[in-house]
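What follows is a pair of complexes built around subunit A, which joins subunit B in one and subunit C in the other.
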Partner chain A sequence: MKSNTGLVFALPALIVLFMLIAYPVFYTGWLSVTNDQGQFTGLQNFSAVLRPRVTTQALWNTLWWVAGSIFFQVLLGVTAAILLNQNFMGRALVRSIALIPWVIPGIVAATTWAWMFHTEFGIINYMLTSTGALDEPVGWLTRSNTVMPAMIAINVWKLFPFVAIMVLAGLQTIPQELYEAARMDGASYWEEVRHVMLPQIRPVITAVTLLLVIWALNAITIIYAITRGGPANRTVITPIQIFRLAFENVEFNQAAALSVMFFAVVMLIVLAYSKAFASQPGEVQ
Partner chain B sequence: MRRSRFTSRSLRRPGLNRPSIFLGCIVLVFVCLFPFVWMSLSSIKVLNELYTIPPQWWPEHPTLANYHKVLFESRIPRYFLNSIIVSVAATGLALVLAVFAANGFARFRFRGRSFWQACILVGQLLPTAAIIVPLFITLRVLGLVNTYWGLILVYMIITLPLSVWMLTSYFKAIPLELEEAAIIDGASRVGILFRITLPLSLPGIVAVLVYAFITTWNEFIFALCFATDSRVKTLPIGLAEFSTEFNTDWGAVMAASMVMTVPIALLFLVFQRHFVGGLTAGATKG
Partner chain C sequence: MKLLKLAGFFALSVLSTVTMNTGAQAGDVVWWAPNWGEERARTLAQKYMAANAGTNIKIEVTVANGLPERVLTAMRSGAAPDIIEVQHGWVNGYAQGDLIVPLDDTIQDKEDYVKAAINYVSWNGKIWAMPYRIETHGVIYNKDHFKEAGLDPEKPPKTWDDLIAAAKALTKSGRYGFGITGGGEVGNTIFRSLPFIWMNGGDIISPDMKKAVLNSPEAVKAVEFYTNFYKQGLAPKSTLENDGLALRRLFIAGTVSAYQSGQFDLPAIQKENPNIKLGAMMIPAPAGKQTAAVLGGWSYVIPKSAKNPVESKKFLQFLNTTENQGYYTDTFPARTSSIKLPRFDDSMLKPFAEMLPYGRPVPVHKNWVKIVQAYFDGIQRILLGDQSVQKSMDEANEEIQALLN
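Right after this comes the complex of A and B.
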């Protein structure tokens, strides 16, 4: 059927998306090169937003946050998926339980972990000190060198189940013949993991990793709810800086300039990533 | 006969040994479940059991006082209602738009189809931080800041892209022959959508509903910017406020967390199979 009926069906959704996504994106571009009176100012907002030290710090923090989160999310997610791909009694139950972190609202995860990380009354410090792993309680969320790892740990906990179910679904589509062929060659279990499972789930991991990058770049909730970027800007990531500029300093134009740069970098990452890893455009979802 | 014997023997794959599976499962269950368990235990502890060194594992005097405080002495119930209104409306609207769009994408060839599909996907990939400022200004111009409609619109657009994507793959899986038979019987395009496609893709619809509802129920950052008035604040904002408002009353904070988590966890557990199936279908079928 070569007609425009299909477009008519899709039109309402496209119009809504255009109004509330495409238009704001262009409007951000406009805001970034004007002042609050709407006069054209060239690149003034950009240089104003790049000047403070916090901008560079936020960039490094963002890199740490994204890289640390994704490395452990994929590692633990794939490990959990390989475990859950085994046949054993109670597998369905374990799989349901493994999804709990993902279902718990981000803000609830943030408050619960903040309570568990509490310096004096937190259960984590208690577990570590009573087993002798630590000599004295650590102020996880107030010390500058532990706060980012703590945030990453919470983010990993929250999202590795997502990686696990996606990879598990991928593992279950691997044709039986591949395992049989591997066994004919006398492969051990670990060789099967390495030479059959991992290559076969590569497309899934590629797609999931891209989603995780996007989510990590969007994940303001956990950090903002626990530290609001502190202590001493140690957990300010660029999205939080944009949010602060816009809604705490009411510098919409500077926030827009930072958004434009952030947007450009994110799109570059997405493009480079899809070019490098995806064999077909259909795989990146 | 020979073939079936061959497959039955080869189905016995070498696997991890029992102890390592057992150990792995214990670790996995502990890591995933413990924060939730600790949250529920903390929510029924009295004050001096919460603030003791060393911490007390099991509440000796379980109490519902924290829940009483949350349900009768705070604004949480109102925020709960706001959350339900916003989530239900946004989910419903997104579903209606997604059904029509997915039908268009799955069943028709038209100029620029893959381009428009790619556009929808980009909508999913946009960083929140990049659109939050202009979205705020747009809503302000439209007079929708601090209204239900403002949040509903925003939530609709953040759930729409993935909903369209998931439903398109469901619709594509329905055999074309069924629809062709209906066309011969004189059914209209919309008639086919409602009488044949939708009933057959019920699992997909459920998956989309659960996805959209969970996403909107949990959303924090847009609500923080666009709903600053307590008449429209949603639960996540209420909870964030609660933890600063009652500064160190962790028992009440944990009770409020339970109030927010239990409905969504139940919804998820009931529809888990549909939801996980719908989500993974897109990724593995490519």
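Right after this comes the complex of A and C.
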């Protein structure tokens, strides 16, 4: 009897959870195999959504976007954390300032960056041309080889402070004895970083990276607010394609089919990642 | 105390249902009017009610944002008002969906209306709406820039060749002769580039909507003409990120000397930079051919579920007299006799008025949003330098054909 009482108390919350999470997931699955009249159509939506060229292009763009964002976010974040872990005057202030990009709402950041990158009015071109670094303004957001890197740069700027703060927290849990022991053995600063800090914060980096991957895969704000996926689909990532299908073309069934496929790909990536990188207990480098 | 409060709520809710039910009486006409014309709508309603005792015109103000969804929901739910103002392009869908009533018996002096406007709202041999406001793009230009470039500001370009020559003369020292759009919402570039295809005898899809014809020599030539302004450096470097609003800003800043837009841009320019000497011209056409433009504007419809169609039709006839239509419209009236009113006797507006007879409706197809997206992507590929005009339009044509099957 007693064990049932617990279930009774948890039931209302479970029902709400079911309605808010499980139902939409299953409904999306159902939408993906039916047409707009609700009739079962098998895999028709899947083949329809795979046909246009933009689907393949969006997948490649997504991979670039995720890989580029993660690499620089982790690199910059860890570097910043190690620097912020040093003892210097005004450290607390610098640490707070470093967090600002992460705190700014995505849409505000995106719109501001769009103006800064603008070919005609943008401050970036103004600075580069007035100092003589460039002869004439560059269309950062309108050239095929600069638009995606620009998007990645904004995403890195937005999220590296998050990595830094998480890694910083990890660094502060490293016992002083480890540094002392390393110094006794004659380790230089760089050897401390390599053999003490990095192995100790590896679990933090692993967890943060997984979060970053999931966020980057779902990120729509920055790109949609700045380029809407353009020019000529150069910055369309799969989440934007799903959004377009559902809310601009009102093709909910095809959007659901693409979501299902995207979900499967994301699950594969996440599983592969956690298998490969998750730290084993008791592992020592 | 608690009980009292509860009783109060109850009474209130009963009261509100009662007023809601009695809100629409036999003599009531509920009119959904957009917010930009609210004041004028109220004036007209007062006038009508003063002359027709027993009829009560109830105005409910709408906003542009989300209006198509709102109208469709109201019509489908069967709880629609008596008169709704909608864009011409939406009318056909309502008629085909059996959501509105034909207005052949309501429209007076049909011959007085601009033909393209009537065509826009006709389907299956009947007229389904009363057009009252029409507009097209023209070209707005900076007269001082023309003078500085050695061009006669009173004799603006008439043909494509003239326009290219003028743009070349105007483009110098950080100025661009003719701004085109290549970014922002798809519609911006459709409104500006599709007319050139039409002028040259081409189209995006065939009249029977069965065949994509975007890679025909006529269409390709027109797309080449449009995109060349950017490719040859006559339009700003930012073209791929510019929409209509960005062009207006660049024009106000003096960076762009001419661009396509509607007369609604004129007051905004004058307000922000009163020093600019404004000029307007008809959109240049290929030598020996007629100009063209996308026709935009608004119509009145009566939903099938309207409570008071008889009185509504009478009121519509009042709204669409020469006088009242000319008074109510924001841009131009759909009646040619209304355009003769003193209000439209403005030399700045003349080229826009002259464009009206060349205004054309865009096709009504269920995949139109995707069709224009494919076309727009093609334009961007050309502007980016990814593909030649022919190759890009071939690819877009193929995608559009798949959407028509």
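By our rule, the second predicted complex is superposed on the first by the 264 of 285 C-alpha atoms of A that agree within 3 Å, B and C clash if a C-alpha of one lies under 4 Å from a C-alpha of the other, contacts with A are read in each partner's own complex, and residues count from 1 in each chain.
By definition in this document, a residue touches a chain if its C-beta (ideal position, glycine included) is under 8 Å from a C-beta of that chain, and two chains touch if they have at least 3 such contacts.
The model shown is predicted, which means the values in this text are computed figures rather than measured ones.
Applying the stated contact rule after C-alpha superposition, one finds that A:Ala10 touches subunit B and leaves subunit C untouched. Residue contacts after overlaying the shared chain place A:Leu217 against subunit B, while subunit C stays out of touching range.
Within the superposed three-chain model, A:Phe252 lies in touch with subunit B and out of touch with subunit C [touch as defined at top]. By the touch criterion stated above, A:Ala225 is placed in contact with subunit B alone, subunit C being left untouched. Legend: residue contacts after superposition of the two complexes on their common chain; A:Thr111 is shown touching subunit B, with no touch to subunit C. Within the superposed three-chain model, A:Ile97 lies in touch with subunit B and out of touch with subunit C [touch as defined at top]. Once the two complexes are overlaid on the shared chain, A:Tyr189 sits against subunit B while remaining clear of subunit C. Of the two partner chains placed by superposition, subunit B and subunit C are both touched by A:Glu120. Considering which of subunit B and subunit C touches more of subunit A, the answer is B. Counting contacts by the rule stated earlier, residues 118, 120 of subunit A appear in both its interface with subunit B and its interface with subunit C. For subunit C in complex with subunit A, the touching residues are 182-183, 236-241, 250, 255, 369-370, 377, 380-381, 383-386, 399, 402. Within the complex, the subunit A residues that touch subunit C are 51-54, 118-120, 136-137, 139, 141-144, 227, 230-234, 248-249. Listed in rising order, the residues of subunit A touching subunit B in the complex are 1-14, 16-17, 20-21, 23-25, 27-28, 31, 80, 83, 86-88, 90, 94, 96-101, 103-109, 111-116, 118, 120-123, 126, 130, 157, 161, 165-166, 169-170, 173, 176, 179-180, 183, 187-189, 192, 203-204, 207-208, 214, 217-218, 220-221, 224-225, 238-239, 242-243, 246-247, 252, 255-256, 259-260, 262-263, 266, 270, 280-283, 285. Within the complex, the subunit B residues that touch subunit A are 7, 10-11, 13-16, 18, 21, 24-25, 28-29, 31-33, 35-36, 38-39, 42, 50-55, 97-98, 100-101, 103-105, 107-113, 116, 118-121, 123-138, 153-154, 156-157, 160-161, 164-165, 189, 214, 217-218, 220-221, 224-225, 235-236, 239-240, 243, 250, 253-254, 257, 260-261, 264-265, 268-269, 272, 276, 279-280, 282-284, 286.
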